[in-house]
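Look at the two complexes coming up: chain A is in both, with chain B in one and chain C in the other.
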Partner chain A sequence: MDHLIIAGRQFNSRLLVGTGKFSSNQAMVAAMENSACEIVTVALRRVDIDNPQDSLLSHIDPDHYLLLPNTSGARDAEEAVRLARLARAAGCEPWIKLEVTPDPYYLLPDPIETLKAAEILVKDGFIVLPYMPADPVLARHLEEVGTATVMPLGSPIGTNQGVRTRDHIAIIIEQANIPVIVDAGLGAPSHAAEAMEMGADAVLVNTALADTPDPALMAQAFRKGVEAGREAYLAGLGGQRLQAEASSPLTGFLRND
Partner chain B sequence: MSFQQQLQLYPQDEIIRKIITTTPQQIDRALQQQRVNIDDFATLLSPEITDTQLEQLAQCAHRITKQRFGRTIQLYAPLYLSNECFNGCKYCGFNADNKFTRKTLTMEEVEREAQFLKTQGFRHMLILTGEAPKVAGIDYLEKAVKIVKKFCSSVSIEVFPMDTEGYQRMVEVGVDGLTLYQETYDPKLYQQLHPYGPKSDYNYRLDAPERAGQAGIRRVGIGSLLGLGNSLSDVFYSGLHALYLARKHWRTQVTLSFPRICPADGGFQPNTIVNDRQLTQFICAMRLLLPDAGLVLSTREDALLRDNLLPLGITHMSAGSCTAPGGYGAKDKDVEQFTISDGRSPAEVANLLKSRGYEAVWKDWDGAFLERAADD
Partner chain C sequence: MKLTINGESHEYHEQLTVTQLLSRLKLRPDQVVVELNRSILAPETHNNTELKTGDVIELVQFVGGG
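What follows is the complex of A and B.
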């Protein structure tokens, strides 16, 4: 059986779902169910931690889903670390999706502050899944400080532009010893399939599910896209044929005896 | 995951079976991949490869190498410091059972040899010893490296495996590169070939390149000695090992060599013969697996073959080599570790490279960049 394994924990689904921007909690729940996801991210800033009846959390069954709080809104490492510790203090598992996005326009992750926060949080016992620019060297550094995954962006968050960072994500996939989850910018099931065909271990989708008249149907389509891409990767894609040049063959010397 | 653990995932009999049961269609598929993974690599080692497929493989290897390295070949010279050795490696001329007068160079002799190599044009030198820590151990190497460094810009070592602290001492004294062949990745055969001496510890040797990576060495060279064990599995594991090191110690450049066993004093007969066609295939397949790795070809191979292999993925070559300690300066040649096959002088090799449209690179790094004095 083909499982996604993060920090020793096994998952059947390779699709992670974000819970922001849905028009209603019902639409969100329907999307989660149809996506067959097992990990859902929740923006900590949106949760009323002290209120067990919080409208968002009360719709997410903790037996079915691993609740992955994210630090969205944090502008630097210090703020992200504080948010993560608040989540743990509130009873969440020590899993954290690290987001440090000082730029309020494109919400691009800050590589320097993300690395700083990751190092602190790993030492603090957190299982850290960092959202990051698709920078292969940063991915190496994050792996080295002990993050459980790397989560490079396909394109700026919420833009639905797909895997625009394809070449760098390919390098990250080639070099990583931990799961690579393509996060942000996947706007269509074909984008998710593309990332999975490349060998990504999983993808995270939010806007594309929330910003459609039928989130439940779109979630189902994304599930199929992820599965199709994964199966194609496992089966092995055919490549483009590279024809040998007919003249002056490089191996002729082997037959000249 | 350690490399020892990773090896467990690829049992030798399964790997050999996978390689020898490869179909021509599978080879075609592997040749079409934009980026070759470890499974494709196994496929490309198949003895079933046709001449046409081998030519395609060579074209790919040539194209990738030209793209990544240009038409350049880095030249280096081996500098043998000692042939004293406590190991019983059955294929090696320095084998402790082999009776001859042992020699370890004095510092004056080291200086003379390094000076000679400098006059030949070399700025990259690889110093070699056997394994005899009392006469040519870490303290000795530290002194020797300091002297050799005066005559070149980059020093590598091909000596005995050390612990991490030993490698740190080497890095501190200015060693940039390490070469350490596992010889064979078959643990049983390894025991037979290395019956006694410190080298009989398979795992200690296996993990040594990783310890060097931890110590911050800039380049690590690995490989297996072709002709000892099953060459298909040994080349496969060399590739796996290189891939592992490149992923885990990502600041360290990995290089690979393809030494075929040469006649040595002691009369060892190779267990298997790797012919020129297979060697060509191995080098090209490795280039597809590791586009950025340095691939090394020494003077073990004859001039004609070296010239023909030049465009297929090779990036580093030795030239004008002598494998006996003190052999460059002295008139009487001592016992050699093995007999070289390409006896051309460094200048002749450089001229040949030029005539083929390649640039001989004598200097590609300078240890002086890292010395504190450079900041002043």
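What follows is the complex of A and C.
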């Protein structure tokens, strides 16, 4: 059976789901269920004391889903480390999606602060899944400091542009010895399938599932897209060529020349 | 006693432990992480941590995110 293995732990699903931006908790739960995901990301924010909301956790069954807190909001390594430690104090297993994004306009991950934070967090006993630019050299550095995966972006968070970093992701997939999870910017199941056909180990999707009138149906579509892409990769895709190659024999035509 | 909670100043007229503060704010202790003066508090210590004037507290919870 074809399992995803992260930090020695086995998963059946290669689709990770983010919980942000859903119009309601019901929509979020419906998307999670229909995606068949096993890992969900969450963020950490200050409680609104004047208007405390019921915790997101009451809608996420810890027996069914592995909670992967992210360090979104962190602008540097110090903020990311602080958020990771707060997440761990909430009683989660020490898995962390490391996200350091100082620029709010493009939300691109800071490579230097990400590597810095990754090293600190790995030493501190975390299982680190770093969100990163699609930079093969950085991917090597992150693997060397001991992260559990690398998570190169397809395109900026929430942009639905798809796999715009294809060539560099291909190099990362070729060279990485840890799972490669394409994260961010995947706006359609075809984008997810594309990443999986290239040999990515998994993908992470949030906006595409939340920002649709039918999250449950979209989640189902993404589940199929990820499975389709993975199966095509395992089956073995043919190469592209310039010249046509006929699908039927070049003899036995109904003519006499 | 003046406490800064999530960046805002609050005045309290009695002694409070962290547990008592969470109760006052109607927050469930199992859904909130507490940081006191930049130090994360283990939940077991909430009951015997006395707050004092000038303390800076962050109350943090999980929300949706990608």
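By definition in this document, the second predicted complex is superposed on the first by the 231 of 257 C-alpha atoms of A that agree within 3 Å, B and C clash if a C-alpha of one lies under 4 Å from a C-alpha of the other, contacts with A are read in each partner's own complex, and residues count from 1 in each chain.
The criterion applied here is as follows: a residue touches a chain if its C-beta (ideal position, glycine included) is under 8 Å from a C-beta of that chain, and two chains touch if they have at least 3 such contacts.
Everything numeric in this text was worked out from a predicted model, so none of it was measured.
After overlaying the two complexes on the shared chain, residue contacts for A:22 are found with chain C alone; chain B is out of touch. Residue contacts after overlaying the shared chain place A:85 against chain C, while chain B stays out of touching range. Of the two partner chains, chain B is the only one that A:177 touches; chain C does not reach it. In the superposed pair of complexes, A:70 makes contact with chain C only, with no contact to chain B.
In the superposition on chain A, contact is made by A:236 with chain B only, not with chain C. Counting the residues of chain A that each partner touches, chain B and chain C differ, and the larger count belongs to C. Within the superposed three-chain model, A:206 lies in touch with chain C and out of touch with chain B [touch as defined at top]. Contacts of A:253 after superposition on the shared chain: chain B is touched, whereas chain C is not. Chain A residues in contact with chain B (one complex) as well as with chain C (other complex) do not exist. Residues of chain C touching chain A in their complex: 5-8, 25-28, 30-33, 35, 40-43, 58-66.
Residue ranges on chain B touching chain A, taken from their complex, read 1, 29, 31-35, 51-52, 54-56, 58-60, 62, 246-248, 250, 276-277, 280, 304-305, 308, 311-312.
Those residues of chain A that touch chain C in the complex are listed here as 18-22, 28, 41-47, 49, 52, 55-58, 67, 69-70, 72, 85-87, 89-91, 157-158, 184, 204, 206-207. On chain A, the positions that touch chain B within their shared complex are 140, 170, 174-177, 236, 238-245, 249-251, 253-255.
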